[in-house]
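Next up: the structures, one after another.
In the two assemblies presented below, subunit A is common to both, partnered first by subunit B and then by subunit C.
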Partner chain A sequence: MAYPQPSADQYAIDGYKFFRLNTLLASPGDIYESGQSSNGICIGPDSDIANVMVAYFDQQQPNQMNQAKISPSRSIVGRLDSNNDGSYLPSGRPGRILLWSGDTWNPNFEPPTVSDNNFIILETPTLDVIEYFEEQPSLVPQRNDKTWFYQQLLFPAAVSTTPGSIIVTVPYYGRRFARINVFIPGVFESVPPIDVAVYGTILNLGDGVSNPTTLITSLTDITTDFDVPVNAGTIESTPAIDTPNGGVFDLLTVLVTAHDHTNQPPNGVLIRIITSDTPCPP
Partner chain B sequence: MAAANLVDAASDSFNDCYALWLANTLKAKLALFANGLLPTFPQQQLNAHPVSNWLTLILVASTRMPSSNVGYSDFLAAVDYMYRCCWMTNQLGVTQSLITSAQAAAVLASYNATIA
Partner chain C sequence: MASNNRLPPPRVYSTLDRPVGRPDRSIASAPKPATNQGQSQRRSDVYTYFTKVGVTDKLYDGSRLWVRIRLTLETAGPVAYGLKSNLIPVLSGKGVLLETDEPMEIELSKGDVLYIAANAVSRVKVEITAIPWLEQISGTLDSLMNNVQMMATSILDRIAGK
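== the complex of A and B ==
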């Protein structure tokens, strides 16, 4: 969904019970509006964005605007006014409900690298918010676990003695647990070794340069002497990242480098990243 | 330092607003920035609403600030709005052409004249 945004008014006219925004962020500055008053707003099930800001008309407040933040742990149940006849002050613009991501995003984010020989994937976050037109007794704003699956990612060809790297960055806003699998498909007499590192990044309001990042774990030279069964041909590196204090990082980066530039896995790697709001069980 | 484009303006917003914050001119400059741009984004132009909504939020933040000794959280909120306003204008004016190039240029010009 790019701009122009869908109309909440049309949803109400068509008899829908709610207005759902479910969109990849078009930009870090995305802001959406609803001309319909609400009886409850919550994070949608498919949202990568964990925190959403809501501005609504409140004539008892300065500027006739009040704001709230919703998240997977807290939604708003009750009437929030959109007042098309009233105005926010001092701009004088109509008092519609405004919705925007409370998390920072930067499409120019530069992930950590070990060389210039990289294949980079940067996933755009999804914003999913639901505005209910009818009264709701309660709202359960839980998010689905999300799986990022890359069936086959090929290493860039080695440049001189510099091996190729594959770098995958996914949104991690508000997540409390991630499980990462890296597989080398194929059957080999000796498995081409790889190095795997995982980073967490907190984005600032800047140019997206990867600074600072936090190293969560680093595994090197994985299974240099692994004799694979006929049908498997897999190497599993399964660090489980448990952040019980919740949502420490905005982005999660998995960096896979061929350990030996003369022996890069010819079929690349399969990567699976699962993120969850549920902390890892002890 | 003047930004060459809206993405640069967004990237520079923290440092530029920080200087204003230290000089106790942040409140006035935010109001100048937003008030000067609002007529450029009329309410009748539906595609201009995202930008005018950010200008509305910037003005709300500005009016709620004291003239001096602005709290750090209020300063950071202003930076956040400015960052997002520049990115949104870039998306609508440069990437998608849903607003005119003149409107996008006006935001950049106002940023360079008041914030940078």
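== the complex of A and C ==
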């Protein structure tokens, strides 16, 4: 979370027609606020978080607060008052529109591994919400496809007989389709073999001490060796992950392991992961 | 001996060399031409007003003779305007709510003070324009009444032999 968070009031004073909250999550408990009333709230185009909770002042509710969830398939259209001169009970905090992630996020998530010799990347999800000041006839907030591109990831040096592994975990909240490319750059007489596995994880709230319960699912059969052609300078392996075959997950993990600890790709690998809300074309 | 009982020809009383009187404060009168720039009561005003949270603020002090005030809310508000000095709570109905991007007009005479209140920082376009024809009619009527009154006074004086 960016501190301090952007001020919705400053957007209004500067003559903007909307307030955009575009921030990385720091913790699953981040709560953001808007002091401006809204005529429409929707998911922003670059959001990794698919579900966002919106709380607003409603004096007919027990705690004078009502909540709604917005997602790429559902927005809120209509006026929500921020009610700055009111206060929420029992804390007495001044009235605001509150926003927080409706998806679970664990910054300490440990991906599935095959060894203790790993280079791990865990991408922090982005929360992107747009609050419109003007009336909107309708809001159809489709998210952009997201590309995670890693030009060169080097394998950790083999330890004894344990080869190095590269593990990349990216947010996959609400996505319906992913395409994964793994390249081995370089020219070889015999291309070093690698193993690639793809996992989906649904995060659950744990006891706060141990890691959340994870559901490890192998989305493809690519847990065995890749047979790589000899005559290729770069090799591409492209499994497609789609909802009917893989399901819906919070996080997507790509694990690349050198198959032979004595013959690890010297230039590492290039990994590209594309996630999309659009289901896989037939 | 014949006496000349003819009344003197009526004199035309010019308003250029005498200040325009206001014997009745309830009747609007045309203001004098401004001697300094920017002081005319016919001057218009256009600006953006940023509301304060939780207070009723004075938007227009009622100093001009006749004005038309146009308010346009640029954000979501809610913002209320009215003639009461306390419009809080904003949604109570004491004032009239502004709708986003919909101009609201109101015509006010001298002495009517316009207030505004909001419960969020909001941008409001404010356009205050004098209504010249209304001022002109009021001023002309006032001048006419003054002239008639003076002529009547003069006639009575002459009849009384003063």
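The rule is short, and it goes like this: the second predicted complex is superposed on the first by the 251 of 282 C-alpha atoms of A that agree within 3 Å, B and C clash if a C-alpha of one lies under 4 Å from a C-alpha of the other, contacts with A are read in each partner's own complex, and residues count from 1 in each chain.
Heads up, the rule we're going with is that a residue touches a chain if its C-beta (ideal position, glycine included) is under 8 Å from a C-beta of that chain, and two chains touch if they have at least 3 such contacts.
Small disclaimer: the values here were computed from a predicted structure and weren't measured.
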First, second, both or neither for A:F133, with subunit B first and subunit C second: second
Partner chain(s) touched by A:G29 [first = subunit B, second = subunit C, both, neither]: first
First (subunit B), second (subunit C), both or neither touched by A:L270: neither
Superposition-derived comparison: subunit B or subunit C, residues of subunit A touched: B
Which superposed partner A:L203 touches (first subunit B, second subunit C, both, neither): neither
Contacts of A:I120 with subunit B and subunit C, given as first, second, both or neither: neither
Partner chain(s) touched by A:L154 [first = subunit B, second = subunit C, both, neither]: neither
Touching both subunit C and subunit B, counted on subunit A across the two superposed complexes: none
Of all residues in subunit A, those that touch subunit B in their complex: 2-4, 26-33, 55, 62-63, 65, 88-91, 93-94, 98, 100, 104, 108, 204-208
Residues of subunit A touching subunit C in the complex: 9, 12-13, 15, 35-39, 79, 81-86, 95, 133-135
Of all residues in subunit C, those that touch subunit A in their complex: 50, 53-54, 74-78, 88-91, 100-101, 119-123
Residues on subunit B engaged by subunit A in the complex (per definition of touch): 7, 10-11, 13-14, 34-35, 38, 43, 46-47, 49-50, 52-57, 59-60, 63-64, 79-80, 83-92, 95-96, 98
